[in-house]
Structure formats: structure tokens, C-alpha cells
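Common to both upcoming complexes is subunit A, partnered first by subunit B, then by subunit C.
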Partner chain A sequence: MSSRTGGRVRAPRLPSALGAFVRKELHHIVRDRQTLAILLLMPLVQVLLFGYALRTDVRDLRVAMVDPTPDVLTVRLRNRLESTPRFRVVSTATSTALLEDQFQRRVADVALVLPTSFADGLARGDRTPVLLVTDASDPNSGTTMQSYVRAALADFESDLSAPGRGPVRIQVASRMRYNPTLESANLFVPGLIALVLTLVSALMTAISLSREKEQGTLEVLLVSPLRPWQIIVGKVLPYLALGFAITCLVLLAARVVFAVPLRGSLTLLLAESVLYTIVSLSLGVLVAARTTSQRAAMLGALVGTMMPTALLSGMIFPISSMPGWLRPITNVVPARWFIVIARGIMLKGAGLGILWHETLVLAGMALLLLVAATRSFHARLD
Partner chain B sequence: MRTLRFLLRKEYLQIFRDRIMVAQLLLLPAIQLALLANAATFEIKSARLVVVDEDRSATSRGLVDRMRAGGRFELVKSTTSAERADDAMMRRQAGVILRIPREFERDLVRTHTAPVQLILNAEDGAAAGVTLSYAQRIVAEYASELAATLRLSTLGGEGPVAGQGRLDVRARGWYNPNLDYRFYMVPGILVQLVTMVGTLLTALNIVREKELGTLEQLNVTPVTRGQFIAAKLIPLWSLGLVALTIGMLVARFAFHVPMRGSVLLVFGTASVYLLAALGVGLLVSTMVSTQQQAMFVTFFIVLVYLLMSGLFTPVRSMPIWAQWIAQANPVMHFIEIMRAVMLRGAGLREIARSLAILSAIAVGVFSLSVRQYAKRAA
Partner chain C sequence: MTVSPDHGHAIEVRGLTRRFGTFTAVDAITFDVAAGEVFGFLGANGAGKTTAIRMLIGLLAPSAGSARVAGFDVSTEAEQVKRNIGYMSQRFSLYEDLTVRENITLYGGIYGLSDGAIAERMASLVERLDLGRDLDTRVKSIPLGWKQKLAFSVAVLHDPKVVFLDEPTGGVDPITRRQFWELIYATAEQGTTVFVTTHYMDEAEYCDRVSIMVDGRIAALGTPAELKARFGGETIDDVFVRLARPGAAA
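And then the complex of A and B:
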């Protein structure tokens, strides 16, 4: 690779061959404006999307009521539902005939089917059956909606009881510790940092190394006086810096736009992200060493690093919810440990005293992968 | 026509000669389905519970027993010190803390109400919400159980009491009675798959010719632009449908996802949708010059697409402005249709609106990208 350096950039003369090599790599990164712009833009857009647009709670619940014998009590129930901002009664019918159509056209989320002579039964003190139908093609929302309607019905029920003889009530005061409002930005930002770092370090290194291989310029590097480890370090250092810069950018955006808390030490968080970046970079070098073409490297990096980071790290889907056979597998995903660390520092204000276990695992992984990457690179050279 | 046939043969040859491409096509659907369908769930299997029982009465023990009985909560620690419980949560040993205050039993007997406190580790936001609703239900059931016994002892009578009617709520989930989360995810994953094949492979395929310089060679041959684009896109269009077929088979036989509607409708929609996906790929290829760039640009677009599509979070929970943006997202409409047809058995009438919007987007994106391509190359 010819080292055509523009006049402006030549200024800081680095003495060693390694320095020149690092400079060449930096050039490659900065020259490709498009990729760089996307690398910087992608995390920012993600922070904005996660913070503003992506929510899992249900705010507007459309209820279809089926009331065969309307009377004062059922009207009271209806008014009760409508007075809650969360509910909107979209229709009241006397039979269930229309329900299927309403669910198919997605104009109702929940159907509340009351029995005939609803009021009479309640007045007599019978157990009055009420059917609650939800569209369970989305089970998560379905369950959430069910519990909202149940809560409203329970309120209605306790209103009915004669005063002084109310039903037994255990009042649950609930608190969401570390993230009281369940703000999604707070949850996703640590995972996002992991994802972006993986993208920048693993994917970029894999592609850039395998590209030199494909174009034959790696051979040129091999006959140069640079030692193999110097080549790796030279390849890896610029991405380490880039990853660091992007981490700072994401943290800043999260802080300024969404006031995402940082309860622990910033230095510790940054140090841990550097550690995580080293792990990802080594993975990228490994992938590049094992593959022959850019496309194979891309595929390898995607399947080997990006997918596990997005899916098996607990970033979006909690690990405790995964089936038993899958949970041990998540232990080899570096992002899984990093996310625990990042969330611990940012949301809980935890220090090394609590996170030493996870840090140790990451450090072990870094060491192992670094050795493996240098080794496999050696082998390719022969 | 003859030229097109030769070009097509070259494209197919090139695709199948490339082992990685074929592997990508066969392997990705399988891996993704296996991983996503199993990993992508918010359902809580068991939450670790720490109990702070300051009352130590028969009633409070009864509540703890009920919590343990359901199998949703695993009692890891029972302590009387709130600090120790907090510490356990800090160290991620506890997911839920149940605090039963002193005088719990006495208050219940005297006033029929008593408070308890539930503290959840909201680090995994989605999980915390679901766990809370499980816990609340158990507490409510225990309360009504207590009501029965207390009423017996205080009133000394059995049977219904006038003015004390109770609601017996039975819940039913239509289309997915067992609330299997995989049924919900798999149709969405299939869409993602078709998108990746359609968009990423198209962009990479064309940019590769650019990078290798063979695109210039093609440009000086008598092959017309129309022929070139058709020859590039028809194989990828058919590959998209092949990937979908594989995915559908895996979904059907490995995950037992129901197929309640018409298969023809699914493939018909996919053919229309692929136009949009290929169009985006073509558009990307006009904007970039290396495979690396193509990959990152596509990655970025697909990511925003997917996040705004309702694959992971319901579109109706988004703020209104975001819902409007989502309307312009072809992925969202395709996912809607897939879920409607596969899970709810919707027919053409039910999905007409989504399909119409999807077709409009597809035609729009596709013609724009072809025009853009012609312009660039001219």
C-alpha cells in the first residue's frame, strides 16, 4: 500500500515504522467519509430512537364491550373504564358476533364480555363470570393489557361492596429500583455502547484486514520490516481510538438529550469499555485470519459477533427469560459481561468491589483472544 | 431477450459458485430463527425473590408460601434486614424484594387492609414490569383467599352475602391461547430475513462488480441498463423467495408456528415487498463505491427499518409522530401482514389496506432507484 500522505497530515512526524503504519491506518479510516459518517451517525440515531420512539408499555387500550343486558351497573362499569385515561371504549354491543371482525381489523385490543343479568347476579352476591378476551398474537402486550383491565375490574368490585365490610385488600406499593420510570433510554444506552463498540472494532477490523488480504497488500506488509505483532497493533490502535471516541459521543448524547444517569465513576466506565474494545478487536482479527474474502469476513463477523451481541447479551431480551440450554451459551458472549458492568456503573453506581467478577471474566477473555489472534495471524504468515 | 437470458445465466452461475453466498442463504435463516425464536422473549421463567418478613406471622408466611408456590419466584434469601436485601439486589442476587411490614396480620384482621412493598430490579426494564404483574396477581389472589376465611370467622356464615357479589374474571388470549412468544417473533424474523437477502445482497452484488471494475466492462457492451438491472435483480428476487421458503419450513416444522391463512397470500405479499427491498439495495449501490461502505449503509438502513417496524416493540406504543413515520416503512407493513395471515388467518380483505400501502411504497422506491441508477451511470 503506497503511503501517499497529504501535505497537511504529514506534520507530526512519527519516528518508528509502527507510527507510520498507524498513521496510514488512520488515513484509511478518515478518508472514507461515508463509512465514518455512518459510524458516528448510527449510534446517535439509535440513542434517539430508543429514547423517543421505542416503548413497550401500553398507553391507549381500546376496549370492545359486550353487554347483553345493559343496565345502571354496566353503564357504571363502562363510565369507570372511560374515566381512566388509559382505556377507550370503542364499541358496546349486545352480542359477540362482531368481535372477530374487530380483532381482525385491529380496531379493538381487548374485549370485555359481560354475562346476561350482570347486575342481578352481583346484587345477589353470586360469583359473576366476566370474560376478558385479548389479542394474544402479541403475547407481551396481551398480558400487560390483561393485567390493566383486571386491575380496573378489581377497583370496580371493591367500590360495589357495602362500606365497612369491604373485601380484604393488600395494598401493594411497588418500586422500580435503579430506574423508577422504566425509561427505555436508561436501559438501552449501556447495551448500545456494547453494540457500537462491537460494530466498530470487530466488524471494521475484520473487514479492513481481510480487504488487505484480498487486494494482496497484506503480502507487501509481510515483506516489510514490520513484525506481525506490529501489524496487528497498527491495525487495531486506530479502531481502539475510534471506539473510544464513539463511546464518549454516545454517553454525551444520552446525557444531554435524555439525562441518562451516570451514578458511578466515569473513569471506570471508560476503562471497562477500552477493555471490552480490546476483546472485540481480537475477535475481529481472529475472524479475518480465518477467512479468505471480505464477504466471508463480513459474514463471520456478523454471525460471530454482531448477532450474539444484539440477541444473547441481555441488551434487549433478559437472559433470565431464555431457555435453560441457551443461558450457559450466553456466558461466552463478551457483551453479556460488559452490559452488566455498564448498567451497574451507570444505573446502580456500582464500583469495582461489586463488579470485579465480571471485569475479571472480560480481562480473561481479552488475554485469551489476544493470544489466539496473534497466534492465528502468525500461522497465516508462514 | 436473448441477452437477458445469457446475463441471467451468468448471474445464477456466479451466485451458486460462491459458497459463502449459498451458505449465507441457507445458514442465516436457520441460525437466526433458532436464536431469535428462543432468545427473544420477555416471559419470565423464574425471578429470584428475597423476602424481608418483619411480621413473622402465619399470614405473612402464607403470602411467602403463595409466592413460592407458583414456580415463578425462587426464594433465595429470607432476612429481617432491609439493608441486606438491598445489598443482594445490588449484587444481582435478587430480582425482587418483598417486604412485609410489622403488624401485617393484625392490620388485616382489624381493618381488612394492610400494605406490602415490592421492590424490583429495573435494570432489565421489560422483565421488571412483567415480574411485577405476576407478583401483584399472586398478592391479589391471596387477599381474596384471606377474605373468604376472614368472612367465615367474623360473620360465622357461609355462602353468598348480599351486596358482596364478586367478579370472576376469566381471561382468554385469542389466536395464541398459550401466549407462545415464538409465534409472535417468527413471522417478524422471516421478514427481517427477506429484507437482509433482498437489500444487502443486492447492494453487495452490484458494488462488487464496481470494485472489481467489471461494471465498467459491462457498461461498454451493448447490454442496456434495463437488461443489466433485470439480470441483477431477478436472481436476487428469486433468492429472497427461496430464503423465505426455507424460513417458512423451519418455522412450520421446527417451531410449529401455525399457518392459519393462505400461503399464496404470504408469497404474493413477499413478491411485492421484495421489489421495495431490492430497490433500496439498488439505491445503496448507486451511492457507494466499496463493499465495506455498502455493508455499513445497508446495515444502518435495515437497522432503522427494523427498530421502527414493530418487530420488537409494538408500533401502537410509539408516540404519534413515530407512528406516522412507521407508516412509510415497508417492513412494518410486511410484518403486519405476515402476523395477520399466519396467526390470525386473515384473508385478502383484512390485509387490503396494508397491502395497498406496501404496494405503493414498493413501486415508488423501485422506480426511484431505477431512475437514480440510470442517472448515475449516464
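And then the complex of A and C:
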């Protein structure tokens, strides 16, 4: 007996036990080169994809002008449109006769039809009607194009309105308020961070935890003196670090490639990202606890976290344009809150004073899910 | 086999029961295992072996009855139980993508061994298993027989009072099994109690005592010689077939 007492395990020294576990987890991540490469490269590819391919803003808008009575003012309007790189006036006609043909041959996207004596009407201060015809075969870009021209017209009007004269008649679409150049990259990048963080944290944690379950190593861990929360923390910490690195990478890429602004505090943004990562990680742990195979865990994480993040967070489809019954449901999607926070910080320069409500919701979710995730481990024992 | 002077039994089981709904997987089993003993826990698939072992190692709460392992109650002192036992599951329990050294360091760390103690034990383990050249090889590329011996050595790395082996020799050749049992004996000689389940009846003959579980109850318990005498068989295999056959009364 005496030969054994020297090495008898007493209380496991927490830092070293947890440290050993975290080191092992890092080994797993680094050893799996393929997955690691995908995890690091995918966000970059996505930044480029979302930035270039999926943009909903429209460039090089071809405008067909119909101006029955050309004069100084209409030429000025025309020049104004041409002076921005967004518009290209492809034709100026005195009648609408050619328009149908132009649309059909797809040489024009928008037709701006001025009334006869446009200048006179304006001079009198009348409500001067202007017809805006848009090729709306793609409804999304149709709406966008229309709002661009409206915006240009509004600008033109305010130019004309000398102080104390002429009322403003056209409203500017409110969507442009914080994104005056209508760069869709600006809107996508915060959503992209959410998507990538969800992927790394929820999906990867779910897979790696269910792998241990499948291979039987989790059972050995549960029999060891490690407490369930230590196992969870050990699992989660390396992915938290990975998520943090990837967030920085996406921000950097967005800045370098698309000059996406960061108007608020970087520290706050990173802190909020960590908070969101904790929420996603807990979801991953929960998914793994409820499933029995890696494949099921992967599906569960995809359906349970990735899909809501992509579809219901307002990342791509604005929540305000969802049907009424669906809108309340988006409230339980963590990414919905994170995207509001990230957009607020990046595009509006908002601070915690404005975003405390959303932050509180996220923090509440994090707490709730962490407790649930730890519980789900205990539950296995009964 | 040395019997520990401070307490007689490494495992004390009293009326241990586990029900899943209306199904009783383990039905009020009672037995003791002496310290330093090699105890064979036999039973057909579905007899309740795995359920019983899971209760003893604290993975499953008993529905009724009690069990003390290494002097601690599994229901109320699960943490102390965990610190004093080792466990090798029937599924391979090392990390395949880690090296031999990393696996040893990991489990040493989890059981709270100091770096010095880990290095010391690693050295003796490497010598015993002749693993010197493979220390930095990933576990997935060493032969199955060695993997199993390594898994066992890792399970007793922290010198547990009791080690539970759940079908440790599944799928390995007879020679490796023989070597594996030499490791088991060496461990038992140092005072560690070995609780082992197996499907191989020849292995049952190696145990100090065996129990045979049938339908959630312990149908027989004793030394291999006793059981063969009592149930009239040439081998433990004969005894097992007699007891475990459907309709056989214990």
C-alpha cells in the first residue's frame, strides 16, 4: 500500500487540470489542418462574396430621359445625374415613343419622364409631376433603382430651392440615412461576423463535443475528477479564441477590401463579439448534448443555429419586411440582437449607452444558455 | 494479493437497483470486492453489467440500494469516488489524433498529477510497454494491441484504488490478451483492485473471483474453482452457458 500513497490523487488542482484539457483541445484544432484552413479561409471568401456578388446596391444605372421641352434647367438635371458615377444617361428624347423598345432591348434601366414646361412649373412653385419608370423585372433592384433616382431628384430640388423660396416635395428614402453611399458591404459585414461566429462556435463545438461522445472519450472525462462545467469551459475556451481571431480577420478584410467603416469603439465591438460567441458556444453544447452522433449534431447545429442566423436575423432579409407573425420569432434569434449591435457600432458609432438594451438581451441569453448547457451534462447522469 | 489493512472492501454493493421506466436493468444486487482482488464481472449482453458498472463509476444514479467504492458512497460522494478510481471503457478511450505523450500528459493533468509525477510515470510506462520509439507517434497509427495496453496504463496512471475495465480486450489476439492480463496482475499486486467485465470465458479463469449476472441479478459468485464445482462444469464457459441459458434457474 505504501508505494501508492505518494501519488494518490487529492483535490485536482484546477488550473492544471483545466490547462491540460485546454491544451488537448488546441491540439485537436491545430491537428485538423483541413478544418482549420476552412475555418480561417471561409470568412475571407465570404467577405468577398457578400461584398461583390451579393450586393443589392446598383451601379451604372442607365437612365433614359424624356424631355419634351429642353431648357437650361433640364440640362442641369441631366448633368447632375451624369456627374455621379452611379448614373449614365443613355438617351434623351422628346417623346416616350422609344421607351418600350429601350426597356425590351435592356439598354435602359430607368426612364425619367419630365412633363412639358418642366422649368415653368418649377418656377411657379407648383407640384411638378415627374414620371419615373423602372425596369422592375427584378423587384429588388427595381426598388433600389427607383430610390436612387428619387434621391437624386430630391437633391436637385434642394439645390434649386433658394433660401426662403420653393417647398421640398419629394421625400428621401429613410434606408439611406446611415449608409449614404448605399454600400451593401457595410450592411453585410456585421451580419457576416455573426454568421461566421455562429459557424465556428456553435457548429464546431457541437461537432467536437459529439465526436467525444461518439468515440467514448466523453465517458472517460465524465468519470474523471473534472467537473461538467470544467469540461464545458475547456471545450469552449479554444473556440472562443478562434472566434475572436476570425472576427478580427473579417473586420480587417472588410476594412482593407471594402473600406467598411468602424465608427464606434473597436474594444466594444470585440467585447460584444465575445458575448455573442459565448451564446453560440452554449447553443453548440446544447445541440451536442441532445444528439448522439456527429452527423446529427452537425445537422442540428446547421438547422438550429446557422439557418436562423442567415434567414431570421435581419442579416439579408430586413425584419421589418417579414410577415407580422414571424417578427416576434426573430427575437429569440441571438444574431438578430448582435447584428443590431454590430451595425450600431460600426456604421453609426453607437456606444453602450445606446446599445445597452440589446447587450442586456444577449447577456441574458448567454447566462441562460450556459446554465442550460451545464445542466444538460448533469442530466446525462440520471 | 494483499488485502488492505485499513478497510476490508474496495467495493461494497448493497441491494443496488436501477430501473428504466418499468424495466429493471439491475435488480437489487449485493456483493463485496476485497481490496487488491481481481474481480470478474460476467454476464450475457443485456444482463445489466454495463448498467451496474455505470452506477459504480458515478455515471448513473441508482434507483435504490447503495454502493461504496474505495470507501465512498457513489450517490453522495461521487466526486471522491471519481478521484479514486480509474476507468477504461469498452470503446477505445484515448485520443487518436494526439500522440502517446500528449495522451499521457492529458490524463495525468486531469487527475491532478504534478509535471514531475507525470514525467516519472511516463518513463516507467514507456519501459514497461516498450513504447520508447512511439512516444511521439499519434495514437491512431500504433497497433490495436498496444493501444489497449496503453489505454489500461493511462487508466491506472494516477494509482487509483480501484480500476474498472469494461471489456478491455475486445478484438485483440490471444497473445496480446495474455500480455494484457499480465499488466492486470502487476497492477493488482501493487494493491489496486481490478473490476473487469469480459466476454472471454478463459479470461474469467484468470480472476480471483467471478460473478455471473443473469437478468439483472447475480446468479453465481465465487472463485472459478468453486463455481465449476458447484455447477458441475469443466470450465467457466460451461457454468456460464448453464446459468445464462434462457429458462435456466439459478
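Operating definition for what follows: the second predicted complex is superposed on the first by the 247 of 382 C-alpha atoms of A that agree within 3 Å, B and C clash if a C-alpha of one lies under 4 Å from a C-alpha of the other, contacts with A are read in each partner's own complex, and residues count from 1 in each chain.
Heads up, the rule we're going with is that contacts are C-beta pairs under 8 Å (C-beta built on N, C-alpha and C of every residue); 3 or more make two chains touch, one makes a residue touch a chain.
These numbers were taken from a predicted model, which means no experiment stands behind them.
*Asks:* Once the structures are superposed on A, label A:V257 by its partner contacts, choosing first (subunit B), second (subunit C), both or neither.
*Replies:* neither
*Asks:* Classify the contacts of A:K24 with the two partner chains as first (subunit B alone), second (subunit C alone), both, or neither.
*Replies:* The second partner, subunit C, only.
*Asks:* Contacts for A:P225 in the overlay, against subunit B (first) and subunit C (second): which applies, first, second, both or neither?
*Replies:* After superposing on A, A:P225 lies in contact with subunit C but is clear of subunit B.
*Asks:* Pick one for A:D32: touches subunit B only (first), subunit C only (second), both, or neither.
*Replies:* both
*Asks:* Determine, under the contact definition given at the top, whether A:T128 touches first (subunit B), second (subunit C), both, or neither.
*Replies:* The first partner, subunit B, only.
*Asks:* In this superposition, which partner touches a larger number of subunit A residues, subunit B or subunit C?
*Replies:* Comparing subunit B with subunit C, the partner touching more subunit A residues is B.
*Asks:* If we overlay the two complexes on their shared chain A, which of subunit B and subunit C does A:T217 touch? Say first, second, both or neither.
*Replies:* Once the two structures are laid over each other on A, A:T217 reaches subunit C alone.
*Asks:* Which holds for A:L237: it touches subunit B only (first), subunit C only (second), both, or neither?
*Replies:* Neither: A:L237 stays clear of subunit B and subunit C.
*Asks:* Is A:V274 touching the first partner subunit B, the second partner subunit C, both, or neither of them?
*Replies:* Neither: A:V274 stays clear of subunit B and subunit C.
*Asks:* Report, in rising order, the residues of subunit A that make contact with subunit B in one complex and with subunit C in the other.
*Replies:* 32
*Asks:* Taking the touch rule as given, give the residues of subunit A at its contact with subunit B in the complex, in rising order.
*Replies:* 32, 34-35, 38-39, 41-42, 45-46, 49-50, 52-60, 103-105, 121-144, 146-147, 150-151, 153-154, 156-157, 160-162, 165-180, 182-184, 186-187, 207-208, 211, 293-296, 298-299, 303, 307, 311-312, 314, 316-318, 320-323, 326, 340, 343, 347-348, 350, 354
*Asks:* Give the list of subunit B residues in touch with subunit A in this complex.
*Replies:* Residues in contact with subunit A: 18, 20-21, 23-24, 27-28, 31-32, 35-36, 38-47, 63, 89-92, 95, 108, 112-130, 132-133, 135-137, 139-140, 142-144, 146-147, 150, 160-177, 179-181, 183-184, 204, 208, 287-288, 290-293, 295-297, 299-300, 303-304, 307-308, 312-314, 316-319, 322, 325, 339-340, 343-344, 346, 350.
*Asks:* Spell out the part of subunit C that touches subunit A in their complex, as residue ranges.
*Replies:* 2, 4-6, 57-61, 79, 82-85, 87-98, 102, 105-113, 117, 121, 158-160, 190-192
*Asks:* For a test of understanding, state which residues of subunit A touch subunit C in their complex under the given definition.
*Replies:* Its residues touching subunit C are 1, 3-4, 7-13, 16-17, 19-21, 23-24, 27-28, 31-32, 215-217, 219-227, 380-382.
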